Amino acid sequence: MKLFEFEAKEILKKYGVEVPPSVLIARGEDPAAKLAEAGLEPPVVVKSQVLVAGRGKAGGIKIANTLEEAVELVNKLFETPIKGLKPSYILVEKAIPHDVELYAAIVIDRSERKPVVLASKYGGMDIEEIAREKPESIVRLHVNPEVGLRGYHARSIGKKIGLSGKALSSFANFLTALYRVFMDYDAELAESNPLALVGDKVIPLDARLIVDDNALYRHPELGERKIEETGEYTEWEIRARKMGLAFVELDGDIGIIGNGAGLTMTTMDLVYEYGGKPANFLDIGGGASAELVKTAVGFLFEFPKARKIFMNIFGGITRCDEVARGVVKAIEELGGLRKPIVIRLSGTNEEEGREILRQAGLEAFTDPIEAVKKVVSL
Amino acid sequence: MKLFEFEAKEILKKYGVEVPPSVLIARGEDPAAKLAEAGLEPPVVVKSQVLVAGRGKAGGIKIANTLEEAVELVNKLFETPIKGLKPSYILVEKAIPHDVELYAAIVIDRSERKPVVLASKYGGMDIEEIAREKPESIVRLHVNPEVGLRGYHARSIGKKIGLSGKALSSFANFLTALYRVFMDYDAELAESNPLALVGDKVIPLDARLIVDDNALYRHPELGERKIEETGEYTEWEIRARKMGLAFVELDGDIGIIGNGAGLTMTTMDLVYEYGGKPANFLDIGGGASAELVKTAVGFLFEFPKARKIFMNIFGGITRCDEVARGVVKAIEELGGLRKPIVIRLSGTNEEEGREILRQAGLEAFTDPIEAVKKVVSL
Amino acid sequence: MAVLVNEDTRVIVQGITGREGRFHTKLMLDYGTKIVAGVTPGKGGTEVYGVPVYDTMEEAVAEHPEANASIIFVPAKFASDAVYEAIDAGMKVVVVITEHIPVHEALGFVNYAKKRGTTVIGPNCPGIISPGKTKIGIMPGHIFSPGPVGIVSRSGTLTYEIAYALTKAGLGQTTAIGIGGDPVVGLTFTEAMELFERDPETKALVLIGEIGGDMEERAAKMVEEGRFTKPVVAFIAGRTAPPGKRMGHAGAIIMMGTGTYEGKVRALERVGVRVARTPMEIPDLIKEVM
Amino acid sequence: MAVLVNEDTRVIVQGITGREGRFHTKLMLDYGTKIVAGVTPGKGGTEVYGVPVYDTMEEAVAEHPEANASIIFVPAKFASDAVYEAIDAGMKVVVVITEHIPVHEALGFVNYAKKRGTTVIGPNCPGIISPGKTKIGIMPGHIFSPGPVGIVSRSGTLTYEIAYALTKAGLGQTTAIGIGGDPVVGLTFTEAMELFERDPETKALVLIGEIGGDMEERAAKMVEEGRFTKPVVAFIAGRTAPPGKRMGHAGAIIMMGTGTYEGKVRALERVGVRVARTPMEIPDLIKEVM
């Protein structure tokens, strides 16, 4: 789960990090009253709270030199969609004059299987950009989980990005706090970019925190994120998630259903390879019931981008007869064969499945390549 | 810092442990009103909240069969000193009928340098008593800090003290919670005795938690313990602690001052060895200033049990001249040489110290044995 | 010979009394896997398909000291405990089927396992099979056959697809390992490759990767450095997956610049590893290189 | 020869710019200790009595790769970090003078040090001295003298008292180690005894114990089992200390039945270790056994 900037900053504050003075304005609140109450001295930064990357470039961050201007900008940003999404919250922060923007993040290094700290003296741009333009500036340190990220590790990193004296101490305090947040919140990513150097202390101007969805049950205090608020999902993806389907919307016209992430991705690849374009990724997972299959097929019946459907099933735990039953149920209960459907069935109970389909007037392929060629040609 | 039973139980509750329903009554509150409000159904257990061991045997725990009786007992216990100490709080708990009393504790094993879990099926008596009477019943498990005490460790211990089925699960949940408390609170001891087995679940009837004084700064939520409330210290020990002196009251008549815990204890031992009886232990530590020495000597001037004073100093970091200056200051500023004093000085700046004392009319010994013989003979 | 597990492997099923545990215990027994015990706390003393059930691994191992591997069907919330328990009980191989284990927990037990010399396969994986010898996992046994090809894969169903294609082409397998789709897994491509390198029966290796992470790149490096010397062919899923979207278990691309389909294919082809465009090409490629 | 430290030991002082650090750096330099660097975060680039100061151990070691021991004068709140930093910087011996370190933190770094092969002395200790060679600690140097007697002690001042008595009796010391008064320390009696056992110059050992814990009992066991073969004499402080009271650093008696004066003396005498009634008897006892 991605946290909003204001949530990430609240958490950092709890861990002793100094963040810019700010006020949070929710949709429907009176910006003028909230700003007056907060007593922030302009200039201030008005920031749309959306969970999409590149918010600044998309016009989601503005500077106001007076409070009146700030109120105007708040109202305006509430009505400005960022990558299709209007924010529910606007954060107004005191502008912090600074010369230097640093980068600091902690992520999990999958191969080393350790947390890794990344820091650079060139903050303000994406880490991918830094990696491209100033690769030598990125300092990396793998954390030994038994010892944790301690002051001396943080100081060593700070020295390597050019800090010294009190600025070094401030950076070290920030980084060890960021690590504690990373660990305590089961984070996949904890990042500050830019991390401003203001005199001899560091202040995070932005903060990102992504919490492992699998660990959310340990963090009830984070509450539920309304999926509509995240800006990560399209309307149809949201509908799918609410139905419990692993669905990603794409740009083509062939609706894809597969079992297992790897096979479903491969099905997309095959469609492309033979000149088609997938309309989506839809993985029914392992051991799907007829009911789930019915739901998935019915969903693609509704999904307008999918002009035709390609179902690629390799039965392992998933039983081909169960899948076939689900397809037949969808046709029988959800208004007939509303779109052309090409099915490939192989593996466990393949013959039984094929027979069930045959009785419903459908022929299943065994060879996925032949099936792909067929669906592309429709 | 020792926590009160009700504090320890509050913490356990926060960690998901079921504790008996209860109400806490502070001195000055209306027991009848509090009890009525709490709605506890009798019989109830009325428990004096004092931090001394053997509270039950000393009359600090009573059973009441009606609420009227409970009110009477609360009032009575507020006026009943336990080992010299009247309680500030009384805890009234619903009595929990049970057949079996278990023992469970976690302490630090100094030699293995690991936490160790101790459990026995014979709770209700002290662990020392269990160790004496049913030593074979004590199950010990050292915890690998890297792994922590996990469910399977706790289940393994539970099986070894004779539990199975749901009782085993309940015990395992309790023990892993106790371990988390032990770790999170920097505990020296986390104990429940008795830990009642009620049907197929365990409920701690008593709970003890001792937090490492050196780690208290990490637990501001625990607040400050008024030293008077603890019942651990005599009136003179409390006075000494407030003055910053490491002082333990004893039963003899020779006031002891030494530098360093080992040497001060040894000084007591020497006094005994040569037929005297120490009135106290008072360690001025390493590198004591003249001011501290003055305070220590002045304190023993006041301390009525000390009929005479023996000061045994081996100068290392501590300088003998500084010590001598402190003694002289005490005599000059605190009303003269109010009690006979025998001083042994050896080590750093020994000669200077001796000279300072000589000018004040005092002669210091070099040999501690001669000094001891002298003080005993006075 | 085979990799990690064979006909001598003696297995304990952790979480044997649950729906999944019970179901796959039956399938594994049918395949011929030597399951000596099961563990479910509170269910000690019962039996599942004739397999005795214990409350703890400690007891199971005390009664069945020959046990050297376990497979875990425990729900995510308790799965990490089960892994530590298996490691502490001395299992040499621990297969973690469970999905949705928090990644910080996986970091913990994977590092612990390494120190203790235990190989963890998974989490979120189909398991391991040495065809004709033993199956410690949830893969359908009948699509595999004994032979000279090793398989190591990040994807479950895709493994079945490719194994089945190999089997139909007369190319049996020494061992197939599904290492799991989570960001942090106990056995990586390169670690699996070290095992296949040392296995004399394995004559060629199929690497089934997918977008995200850099395991494929590291595999390529291993080939380049001569630490893996047998013929390898690969298939990488997700060529057409849009960037930044989580495709089932294929993780997001956060480690700068790594994780793309193109990067992986380039890295592999640069060191001479043939990368198939479709899973169906794999048997032909294997025949060419072997 | 000597135990753990000698004239070749190169020392870094952690917390060198504080009051205590500065003071004892001077005294150690005066004694002849080879201090090559100091570390205080934020004070890199300065000097203390001619010793260069660095911000981190990493830098200090980069400039002075010969450094192999450190002594820590850092306040309790930051002391654990300093210990980990010293271990990670490759120090073989780390002396922790700091008092009041939480015992759970000590558990952490003591276990970590063991894994990494670092000897931690302390915390809450006077340090270690190999008379005439080096002093890494806060003990007054002049009361020690070179010779054949080893000392290992839980008490600071009592060590000085006994060392001085030995010195006056013409019995010099190979090495004296104050292991510290905290419940959990990095170097125990038995671990120190292993070192003295292997040191050919040490002909006899003085063990200075006190009430609490079971280190003395374990020392006795080591003698009994023949793992320590040199003559030992002992003194135990606290014979007349009342039970249940914390006498300075001597901990409470929580481990059932162990920790009493009588128990310790009994354990030692049973295996033939002479226990002195007063510290002053030690030189005579040493002369008798040596």
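Residue numbering begins at 1 within each chain, and the chains themselves are lettered A, B, C and D in the order written.
Everything that follows uses one rule, which is that contacts are C-beta pairs under 8 Å (C-beta built on N, C-alpha and C of every residue); 3 or more make two chains touch, one makes a residue touch a chain.
What you see is a predicted model; the values in this text were computed from it and never measured.
Considering every other chain in turn, none proves to be in contact with both chain B and chain D.
Between B-C and A-C, more contacting C-beta pairs join the chains of A-C.
One finds 53 Å separating the Cα centroids of chain A and chain B.
Rounded to whole angstrom, the centroid-to-centroid distance between chain B and chain C, based on C-alpha atoms, equals 54 Å. Here the CA centre of chain A is 27 Å from the CA centre of chain C. Taken residue by residue, chain A touches two or more other chains at 146, whereas all remaining positions touch fewer. Taken together, the touching pairs link the chains into one ring where each has two partners. Here, these are the chain pairs in contact: A-C, A-D, B-C, B-D. Across the complex, chain C meets chain A through its residues 76-77, 100-105, 107-108, 110-111, 126, 138-140, 143, 153-161, 164, 181, 183-184, 188, 208, 210-211, 213-215, 218, 235, 237-242, 244-251, 254-257, 277-280.
The residues of chain A lying in touch with chain C in their complex are 53, 107-111, 113-115, 127-128, 131-132, 138, 145, 183, 186, 188-189, 212, 214-215, 217-218, 246, 248, 250, 258-266, 268-273, 278, 281, 283, 286, 314-318, 346-348, 367-369. Listed in rising order, the residues of chain D touching chain A in the complex are 41-42, 44, 55-59, 78, 81-82, 84-85, 88, 112.
If you check the complex, the residues on chain B that touch chain C are 146-147, 150-152, 155-156, 159, 164-166, 168-169, 172.
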